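Labels run A, B, C, D, E and F following the written order; every chain starts at residue 1.
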């Protein structure tokens, strides 16, 4: 959203050769960590993220416990070397906001009533960042929660759409994000057309919004299938 | 424990009202509470406004200070938006550094102003690559009776409407008390879903009772310049579309009446 | 106290036209906030402050509770835009000290024994500052405590005296504070000649101190009447 | 709980003694405990002093470093006073950032030095608007048996009495080990009110038992350059006046004996 | 409480195994678990490596940024080593600022690289006294199954082996993607004492069971460039000497196989 | 370890006139603080440190208590004026590490089982620093623990050895530490040849390490005798 003057679409194709409705390559690995109760490694183009789930486990301090259900926590964190200019370790405002939005993206599918007084911790580490880390993190976390055996109504899938050179396109990469006109990360329960997270930066018309929403819904369906396949493979191995 | 029971009671009360087509304070589902906007009430600030939406009260002050530009935009001013949920404003707010609620409040307001390009940042350059104006938008919440976002966003844009450059104070040449013209007037409209109904401008009890909501920030030309979904439950796609449409419409009303 | 070279008194009058023993205009509004248990808006010249009281309410953490009485807390905080150069949010050494002094200024009148194990929280926000914010805050807090129904033996009133151009004067404004020779904020229970807070900066003789003390006592009597009137009006409205 | 009972017992004990005209350690009401001041004991510091008042022990070290002046006093040095109530000094002190007690201790000491203009800040200018000496006065409490303020203030002024400029270390021209002459010698005297009697130099138990107290900082010419009231009860006007008079008198004694 | 009993059970189990000459995972006392080193896996980092030792997994990324040199070495680059024990890697790690474990991990790795002079810091000078390269070595632990030190140290030196200068990104003249040649390859070997036996490369359970341990970092020529003892019990002098000898030997093995 | 180019050994003597195996002058005073349960002032050349011990006392928060034994805590802290350039107050990475190493240096001799659920706090303040403060701190703390009556199996003694101008020498001072080739602080139970802390910076061969270890063992024996004598004197006074 910062600068103009770069042509992001040439001959109907994006700079990395993708069509407007095309996702970057996705790679999913389930159960990659030993200590965590559940884990997932997720690649989306040059984004590399890993999610771990711990719990349900006893919650501290006690007065923060919920007597009726488990408390879900989510921590999005960038490795210092994941970006061009080294990121200082520790939470900043951006990561605090993303953590909140991502937690709310996942809460609708988790059956928290099964484990009162406990907490379920989701930790997402961004190892390499190239625009789209929050959506990659939600996708990874959703699979890691399933891998941890947390009871869930469904999986959550997430992707961003945006506007570049006046066109609504799917899954912006870093250059498109920097020089584009709008970015809209979305998370949804793909099989129910239910949106669990939605943010928008930049500027777009209502029609562009609607078009973007449709693109995102289709893409989330695709991502859902990949998540499901990865989980099935994992359990057929075991 | 007692408090949790109160939460349940309140939720039931609000839902029952809505089922009967009513709201706690007698409004229609799409009505705002009474809104008051007072501009320029803090002399020490370069721009300021006090906004009341019902009992919710927010004070926004804007300060300008010379500072360094970002390396990737050497000829542009910088906007820093900050929100303080001071414990004076609610029994639930605690002293301490910004938490996820105050960070989100600040970032949603910030996103609307940035996305709409309300401020022409290139007008805030003092010396390219060396010195630009930093615009600090400070949101100070005084009384939280729900829907802080709309009040804060309205306060922010109202403050910017009477912004003066304090060039003299910093010994900077020229334009003295020059006003900074705004390019747009983004307005935030927040809605919640309660039992399938869309309620505009939720008060505190409605906010607590609702499980999902959406803020839509839109501009003079009807384009959207920011959105944020809230809450621990999802929203159906068609409900989101409906809210976006309603948000744009209500924003237009507010803009004409108060800005 | 910082610089010299400005004439602060001309023809026996101060720069803003006040006499030596004259207060700046005062405005008091009671019960201005909905969520707080008690509140008060207080203007003293260009100072604008607001105080809120919450409590008595359960104290956390428990080991900090006092089994015999309520614990009074006081937080003085400046809005970032209340001063010429933006103040970074959060407590600094000055606000920590003022909070302590202000709490001690109010403690003598509060009957804390009625509410053991609880806390009473006083929050003072400085919305605009022009020298004298700590005294304005104590005045506002005193009224807000009464508005919250906290049992009190009396009201506390507060004002500063100082020395400018060699003269002892009442209630310094910002210019007088910056270029003056001494500043002495005082809080007292006006009807009992009891001093509950006293600080002094700068330099003055013992005689000047005595003269200042007398000025402050008279002014606190006036402020006490204004506080009382505002509370009576509030309750006659209700 | 046990501790609270001990508090009551101690308070009763101290009050009963005072009622009979006595103090725990046999002193008269207006007597200080034994005072020792040792200057220059930390070679690494540009000025230093160890002060013992009875069992209370405070170490003050002063460091000078080149730094930027404040924009509104470009030709003057800067004083920064800091107090550390390290947990070594008392079972009640906890590790961590400054709390209200350490902040108040530092600020009272600071106020006395600033108000008396003991240091001529214009002598600390290296290059106007660019570089001045920053004077860090660090109060390090070693043993807290009451009345830290008087010990810290005495340590601060004693440290400043043997202050050398470390010009060489910073490659700054000229005056090498030049001493900085003091313009005044402010001395703090702390008194508490116990059962209507004024006790000078309260020890730890007296400090705990008292409900109000006053520090008066005064100068060579008898003027006052700082005051601070403490405690959760008020002081009658005439009691304050009496304390101010007594404080000025005792300060003069201390100044002549130890500075 | 339950957890403490588990600690005892684990300790007994590990000690009993060792008494019978065995380890939990079937290794010999002086054997490492399987080691994998992958270099250059993070494109955004100027150097990076992922190291697995058994189930322990550590990612190290090195970033270079221009910055100011230390005043006492104006012509030399600066190394800053940092370790994050992110809570993803172990149920025992908590979010928050570095604690004593992460600080010690970072400092031990740092010490080895510094002591060996693996990086010629004078090659990192951009402009004497003004600008040098700051080398940030960030250790990001992904899975903690014991012996983080050896994994982190191996990851650090492997990352440095493929380090490129990002001169272009910072608009700095000249050598573009120049590699920085290493002068040495320090390797850390950690051993614990369990029931009088020395076990190399303790896994998580062994680490928990052991009451003392030693890391020895040694160089290509067999010299030592860092040591650190751990644990709440002492080590006999002769045991330390034995460990030092064994550490140097094993380091040589690792260096030849993985660097 | 930072710079080269200074001759640290001339005619077989070190710059301060010491031989290779010679300690700097040591001064020990026991029981120097009133409020602490035990205390010790320790000088090693120009290093001046003071240690205080509090406890065993109730541990907070409770969930950090150990049901079987006391928890030992150690806080190493430098006074801001203890070094050439003022040190900012508060812990930094160096002091965090030294605190951990020092705590582990003392743990082996403390009989913690006598006081379950309590904590024993050791606070070490560096008043003046000249290389060797962590070893001086451990020596002071060991004596302060004994002065506090904490049950101990033995005393711990500590010293550093190092390498300067190619020679292995005892107890580096600041110049030797800055311009030397290696530094190795060691703590031990002198009468049992048991090493309780060991760190090494710089570069040395295995033979140099062995030589250094012998030097340190002899020196710790000497320090042990001084510690013991100081304690005996203290108790014969009482």
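Annotations for the structure displayed:
Basically, a contact is a pair of C-beta atoms (placed from the backbone, for glycine too) under 8 Å apart; a residue touches a chain by one contact, two chains touch by 3 or more.
Since this is a predicted model, take the numbers as computed values, not measurements.
Counted as hops between touching chains, the shortest connection from chain B to chain D is 2. Centroid distances built from C-alpha atoms place F farthest away from chain B.
Farthest chain from chain E, judged by C-alpha centroids: C.
The centroid of the Cα atoms in chain B and the matching centroid in chain C are 32 Å apart. Averaging C-alpha coordinates per chain places the centre of chain C 26 Å away from that of chain D. If you average the CA atoms of chain C and of chain F, the two centres end up 51 Å from each other. Work out the mean CA point of chain C and of chain E, and you get 57 Å between them. Touching two or more other chains at once are residues 98 of chain B. Starting from chain C and moving next to chain D, the ring of contacting chains follows the order C, D, F, E, A, B. Chain D meets chain C in the complex at residues 1, 4, 72-73, 98-100, 103-104, 106-107, 111, 114-117, 214, 219, 222-237, 240-241, 244-245, 248. If you check the complex, the residues on chain C that touch chain D are 1-3, 67-68, 93-94, 96-97, 99-101, 104, 107-108, 182, 184, 188-189, 192-206, 209-210, 213, 217.
Within the complex formed with chain A, the chain E residues making contact are 42-45, 48, 55, 57, 59, 61-63, 65, 82, 84, 86-91, 95, 97-98, 136, 138, 140, 142-145, 169. Residue ranges of chain F in contact with chain D, taken from their complex: 33-36, 39, 46, 48, 50-52, 54, 57, 75, 77, 79-86, 89-91, 121, 123-125, 127-129.
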